[in-house]
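Take a look at these structures.
Common to both upcoming complexes is subunit A, partnered first by subunit B, then by subunit C.
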Partner chain A sequence: MKSLCFTALILSLITPAWTTTPTEQFYEELSFRNLKDGRVATRFSFKTVLNGSVPRDPSTLGQEDQSQHYRLFPLAMGQILREYALTELHLTLNAGNWDYDRWGYLDEPSVGTGAELWTWMADGAPSSIDERWEGTRNALGGLFCSSLGGLNDKRTTSPESVFRPEGDLPDWGKPHRLRHASLASENVCTENLTPFIKLLPCKALSGIATLLNPHRLFDADWHGLGVHVVWNEHTGVEISLVIQAVLNPFRFSQEKTIEWSFNSLFKKQVERQCPIASASTLSVSFPAGESWSLEPQGSKSEGGVSLYDLAQAQYPFDLQAKASTDLSTSVHEDFKPPLRVQRALNGPSQAYGRLSVSFSNTGAAPVQALYLETMPWLVQFYLHTLTASANGTENGELLSHIQYTPAVPHGKPATVQLEVHVPAYTEVLLTMEVAKSFLRYTDHPPDAQRGWDLPPAVVIPFLVEQNSSSNAISLRKLPRMYTNSLLVDLATPDFSMPYNVIIFTCSLIAFLFGSVFNMLTRNFVVVSLKDDSETEKP
Partner chain B sequence: MSATTRTTTTTKGLGVSLGATLSTITALRICLAFTKDVSTYLQYEQLLSSPLTSYTRLQEGLFLFNHDVDPYSGGLFYHSPLYLSIFSTIIPNSRFIASLLWTFADALGAWALVQIWRARQGVSSPTSRDSLVAVSYLLNPYTLLPSLALSTSSLENTLTLLAIMLASQRLHSPSLLALALLITLNPSSILLLAPVLLLLAHPTGPKSNLASPSTGSVLTTPLLKKTVLPLFAEFFAYIAVLVGASALTSGGWSWVGQNVFAGVLLPDLTPNTGLWWYFFTEMFDHFRPFFLMVFTMHLLIYIAPICVKFQHDPLFATLLLQGILGTFKAYPTLADPGLFIAMVSVFPEIYSHLRHPIVTTLLHIHAALLLPLFNHLWLAHGAGNANFFYASTLVFACANGAGVLDCLWAGLRVGIEKLSTGEKASEDVEEEWTVVQE
Partner chain C sequence: MPHPFRDPGTLPFQSTSIRRTIIACYCAVILAATPLWWLTTSIQRLPLNLDINSLHPVSIPVHVVTSNAHRLDGEFRQAVQQSLSSKAWKAIDVKFFDTPQDTLVQTYHIRPSDGPTYVQGNDIFYPLTDSSTPILAKLLVDLIYPFTEEHDHRHVSVQYAPRYRLAFSLLNEDAADGDHIIDWDIQGALAKYFSPFLKSVSSLHNFTIESQVQYHAPLSVQARTQEDGSFALSQEDLAVFINSAEWSLSSSVSNDPVLHFILFVPSRDHRPLRILDLDGKPSSSSSFILPQWGGVVMFNPPETQVLRVDDLLSPSAAFLGQLHSLLGVPRSPALVNHQPREAGLSSWQLDTMLRKRSIENIRDSQDTLRSIVRLVNQIENMPVGEKVRGAVDASLAALRQLQSVRSTKDIFRRSADAVHSASSAFFSPDMLAMLYFPAEHKYAVYTPLFASGLIPVLGAVVREIKAWKDERKLARAKVA
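And now, the complex of A and B:
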């Protein structure tokens, strides 16, 4: 009886805490997409929803924040989000170039090489947006053990029309602002994965996260981590932790058949279910026209996609997939991007060069593309040399809505934002002369001769669709694409020379200065060469 | 000293009229300017255009200016707002017009140089040396190539020559206006202010007084207060007007940091023929402000002594300070030492006393061959590194410095010519007597 009373007392103490804490749900989802070149695109998605919660109002930043009690939501992320009053946050760390031609679009569009971070936050805080942005990237850099501090003012821009918020923005009466930065030279590795896994409620002990084997993940042809925080008016703050990889089953298979399993791809299988996941799903999709046999069979299969509910599965769970026909050679039409964008920096000189971007439209419909180039000060644009040509003939009318912010030396990067009209079956080539900067010797990284990685450009294609009945033209926005990153070779001084240069130049100046003043201050006299003794006299 | 004797007689036979020379060379220049893409090949050459004078950057600035982007908000455009206003209103901005304009500016500069020569000789009629003086400017590779590359330093050279010419002709206000315009376009030309003011105030003007150093010392007379101060006031008024016009054109003061202080703060480390760029590329960050101050002060420190020493011949002081500018300024191009070399042709009286003319000539040939070679090897070919080009700029600075020293020595040495040779005409006397500095 006593113990019952005690339990009731404890319960009555706990209950209020239960009711004030918003309910939380955790969803995990694993998807495989068989690609036309035999590779497998994998996506792990871990989503936690904090029901009924709202982001912190920046005007309360000076005051004490409400206490943070989470059961599933990662506390480390919650603290960062509330400390800097972030409404929306997207961080991706990718390695490798995403091959749109062969791999198509992925569900997750942030595939740019290197680190990319962008946040939406409202104004109205006691500290400025840039201070909060700096704090955010430092905190995230510390959390994920990556050099996000390098996403400094030299890399930060605010291209609000390209990176639109993916959730809702609360109306606090103050405008929301975007900060975006990318760092192409940032690599992703095990040290980033370990803190990432720590944010998951089941860690890597159960559920699909068991498969996150760093040896296989970071061995993939392309791999990346992503953290996405959005706010939905109806649900609340949602955090999605995403890991994507393009794995090559051929490399691990002993036989010449096209087949893979969890065990062959990850050297792991799902040992047990994550008990706190509200939903735990697996989906496997195939290119159209291909026939695959799966073991075990999915609970549902429609349109080339097999779905599994891992809550009902038999554990340990392993999936065997085997192609029973030859591989087809077409990308799944749903995933095929309408444009092919290639970017290059040409020219042999370390003083100037030419940036060329080619947009190829192989489809029958014209495409309107929004192109965003963010360029650190290392490469400066001669915007007056920007030309556009369609299939080799120059046509300035292809470009419209050009917005340009010049780069500031040792400061903020340049941004060029423009719209390109790419007619059907046409290749549009943009070219622009660029000046390469000459840096102080202290500005160069330790491996200066390697060159500098320039961030990928972003393209948002819009399909131009003509409504047959009303003849009205409508634009359908497609997910954004990233171009390849570039490597620019900047002229380097001799790093062993500072003292020598100071000594040489100063000696020369002193010599000339001394000679000039020597001549200016001394008088000319006529002396006899005949008698030396006479000339000695004044 | 027999080593100082030098043949100056090559000029004697040239009796071609100035008009014919100018028009022939200008016609050739126009042909050259329109041969296939000469300026396109040369426009990125770092020896011919510095960041402050590059035609490409001027085009970029004009493009941004015409599209309502502040050209001074970026790091590419350092030209004066006056260029923006001129090229966006009066002169149509096209490559064709530009080629004509630069050719015309060169011809005008050569004409001005001939006028300076005539004013120095005190004649208004053509002389036999006119054509040679014009050719020394028009066909001087150091001035010709920057002009073909459409570097605005050619326009600034023309303005310099016009200002000196007008000062030589005693046209006070036009001269001061040209000088004010020059200094607004290229602030480091402030070095030429003092000698040009002295030239205007001097009783004998541009006439050669090198041989008689004691005559007409402006600085010791009350003339200084009476004439130089009002001249300075007038100059200052012109500067104020031009600065106001610049501010109106660019709609703000952002150009001050980009244009006026570019030559002091060295924001762009693009290689050029000068001494600053590699020094400040390799400079330790905490010493940078100190050495920027030292280099700026060093440039200014020559004004007073040269003007005091050559107060009897301010035109010669102008020559020397132009030589100093070509050697030591922050963003020189070949056109700056080129102007100095062209101006030497106006002072034939010093030729026989140049100290080491052969060494200087050889240094110039050496540097002129090495500079483009090493620049190309480093930046385009990838075979050499920055030190090679830096070494050739050192040689070039030696050549320019030696040129200044030669002229300085000769200008002082002429002053006692009468003592050494004039009174003793016979040949053998020269072997018995020599002139040294005590």
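And now, the complex of A and C:
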């Protein structure tokens, strides 16, 4: 033992001379999950760890930064992270609505429609947090060819209790602050995937990234990409680049059997191994009660999950999966969401409406949910009309801890954060009256549009667990869920009208002006018709 | 017969004088409102206190002190002055003295040497035995301003910036074929080979250094197979060598210009990769420079996966040479066969660079100022705000101060200020503000309101004037 310690000490003394740069590791992971409706959820994860690195201390922002030398970590991301001294960053770009009922959850929590960006950064820099936030979203928008500039102050909030840091926060003696914004109308497309692939150490030329075929990915029922940067005290800065898609194998298969392969899903197979990956793994999981045959067989198989180590695989690698039984009809219990949340904006008028959110709990245990609604000032809440009802009977006691930040017109969005208690086998319905704003003519976008997308609301379910022995109640936090996004139709002027309106208004003003002026200056003369007719006649 | 109505002419508001007063009031209000309307709708165009003709070339003083021992005559002086006047836009004003005059002005001494010719600091040691004045004149000119017109026009060197980003990239053409460079000790190489140089030019430029390794960097051009089984790229191929679609080289966060240095490792199937010269023969050099962009070194690796500092010696030397060219570092004159070794740059090189950058900056700032004036005169809708005028004034002030400073460093600093202010004025976003709202739109909005409002007023005025004239005529007739 002593000698071991001694060697470790010697090693730790020697190694710093070699490792002036932090060592970097790259892990790639591909997972497939067969869903009960026959679709396949696939997730590509590319993780680079910068061992022993620390995020930049914001108080050093005015000074010369250390040189950045990377081997695997994407330099473009490193520059952004250091330029704005970000501790944690999460960017997701998704298209489509994630169907929790059929696809389950737990894969990756960030599945909200559209673009979502949130960062944790420490205070104490010469420039304010909001300036750094603005710079961050512009830089990321430029990097990913995405309109992230639209995540401006009108969309930015700071719901610190909902978006907790997923890694550690270094202690620099200054508080860390959250900035969060989402933009439901921003869709993900090929122009976002190309710069994303450029950040991967193996690009799309070797390893599992070879399968990233934009034609198939963006054809999927749901797809999205994400960039997550966290700092772990023990490892260092970690960046995960994630691509997810829900593919429908039926659409590509000729025969009406339930089977898929890399080739049928992506029109590609893994030709070569990524030479610098520390680990390349593939996992395939099935709903319980179904039996599938896989070709080739996984190296390990446990609990309905087959694992492959792609470092030992035969290349070119293609996986064939075929169901040997009928599809089961229940969601895998592990993936079943604890709540079903549906949100709608009702009302025929362009001035008023009603927001209704239903939480249904089909389980036998009560669920406590933290509900966060972030609403751009386009829609304004009447909080006094907020009601909650359980299975049709009004019950105000279901709601607690209501926090409301009103919107600033043309400025900040409103946030409503509340806790809902959803008893077992109950549907809780929240309703609230809302007013729709009347926008200035310059607030409308210059192009044709279908309406205004409102960002999805966020729900964090807590399972209420009662300890049978001590009767104590404990809450278990589950990953967050997103509701569907909404579309609101605001009163929109006919934009061909401004000149006509100007001309009409001007004519009216001129008419009034002229009438008044004439009345004031006209010379009135009484004309006696009778007398005149007599005198004028010859 | 009595009239059934009162005569309206007897009503108080129907009297001629009141009617005329009303019309006069309307006219007065309109006239009084006109300046306000003018003020609120006009574009702010502050006058620029800048006369293009007042931008005359600035001369940079250089003194040469000759020792009596050489007995250099007027012919030598004339040769130097003539040679310099054909270069550098005649901006160098060289004067000859027997004794040092002004310690601030850059001074070159010509001293006798016992052995061969050499340069130390800013002193030329020239053998007494050799009395060839043309050679000495050429040497002196090469020290003061070695750049030729051709050099000025080739634009290899980048535009002046106070800070550059040096981006070093190790590109493996294809790492998946099994034989590639995993890592390089670029930090060690930079510390060993680059730091002395970077430190010595710190008075001119600051540098941000970054490096990355890429494992898949496919070529956009096809390497040609040679007879001996090697592969080669022709000069035309080199022009399109950078595959910016697939190599992620660009820097997104800062506005500092980036100089790229690429160590390209061809894939195993393309080794060895060489460069062909213009005649199609394999060139001895494995590197090439891309003007104003950076440099590339082809590296056919030995059997190794990690490049140590020693392995990086020759690529680093090539990169350093490319950095010299990109920054416009003058080469040592051919005549100087013995030069005392100094770390980084010798002081005469630094002075020459400062002088060259000063001259470029002065020219650039003057050109920019001229363009601003021309643009502002040309486009009448272009606003000129406080910010733009302030920047133009700052640039002019810096140019004016140039007349009074003498030391090379001060001249350079002022010239850098001048070019910075001038370009910030030129690229000021304020100048675009009103370009999208042309005058036609304004008239389209104004005409329906003003025309239809003013016509009754004008009509009434004309009518009243006529009536007043008739009255006067009538009155005169009555008097007559």
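Going forward, the second predicted complex is superposed on the first by the 478 of 538 C-alpha atoms of A that agree within 3 Å, B and C clash if a C-alpha of one lies under 4 Å from a C-alpha of the other, contacts with A are read in each partner's own complex, and residues count from 1 in each chain.
As a convention for this text, a contact is a pair of C-beta atoms (placed from the backbone, for glycine too) under 8 Å apart; a residue touches a chain by one contact, two chains touch by 3 or more.
Every value quoted in this text rests on a predicted model; they were computed, and no experiment measured them.
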Output check: A:Y441 vs subunit B and subunit C. Expected answer is one of first, second, both, neither. What do you get? first
After superposition on the shared chain, which partner residues are touched by A:Y382: those of subunit B (first), subunit C (second), both, or neither? first
With the two complexes superposed on chain A, say which partner A:N523 touches: subunit B (first), subunit C (second), both, or neither. both
Touch check for A:T492: first (subunit B), second (subunit C), both, or neither? first
Just subunit B (first), just subunit C (second), both, or neither: which does A:S67 touch? second
Report for A:V408: first if it touches subunit B alone, second if subunit C alone, otherwise both or neither. first
So in the superposed three-chain picture, is A:Y425 touching just subunit B, just subunit C, both, or none of them (first/second/both/neither)? neither
Quick check on the superposed pair: does A:P348 touch subunit B, subunit C, both, or neither? Answer first, second, both or neither. first
Applying the document's definition of touch, where does A:L75 land relative to subunit B and subunit C: first, second, both, or neither? second
Going through subunit A, the residues touched by subunit B and also by subunit C turn out to be 502, 509, 511, 513, 517-518, 520-521, 523-526, 528
Report the residues of subunit B in contact with subunit A in the complex, numbered from low to high. 44, 46, 56, 59-60, 62-64, 67, 69, 71, 73-76, 267-271, 275, 277-285, 298, 301-302, 305-306, 309, 327-328, 378-382, 385-387, 390, 394, 397-398, 401, 404-405, 408-409, 412-413, 415-416, 419-420, 431-438
Going by the contact rule set out above, which residues of subunit A touch subunit B in the complex? 348-352, 377, 380, 382-384, 404-409, 414, 433, 435, 437-442, 491-494, 497-498, 501-502, 504-505, 508-509, 511-513, 515-530
Residue numbers on subunit C that touch subunit A, as the complex places them: 1, 3-5, 7-9, 11, 14, 19, 22-23, 26, 167, 174-176, 178, 180, 182-183, 186-187, 208-216, 218, 246, 248, 250-254, 444-445, 448-449, 451-453, 455-457, 460
Within the complex, subunit C is touched by subunit A residues 20-21, 65, 67-72, 74-76, 79-80, 83, 139, 142-143, 195, 198-199, 201-203, 205-206, 272-276, 499, 502-503, 506-507, 509-511, 513-514, 517-518, 520-521, 523-526, 528, 531
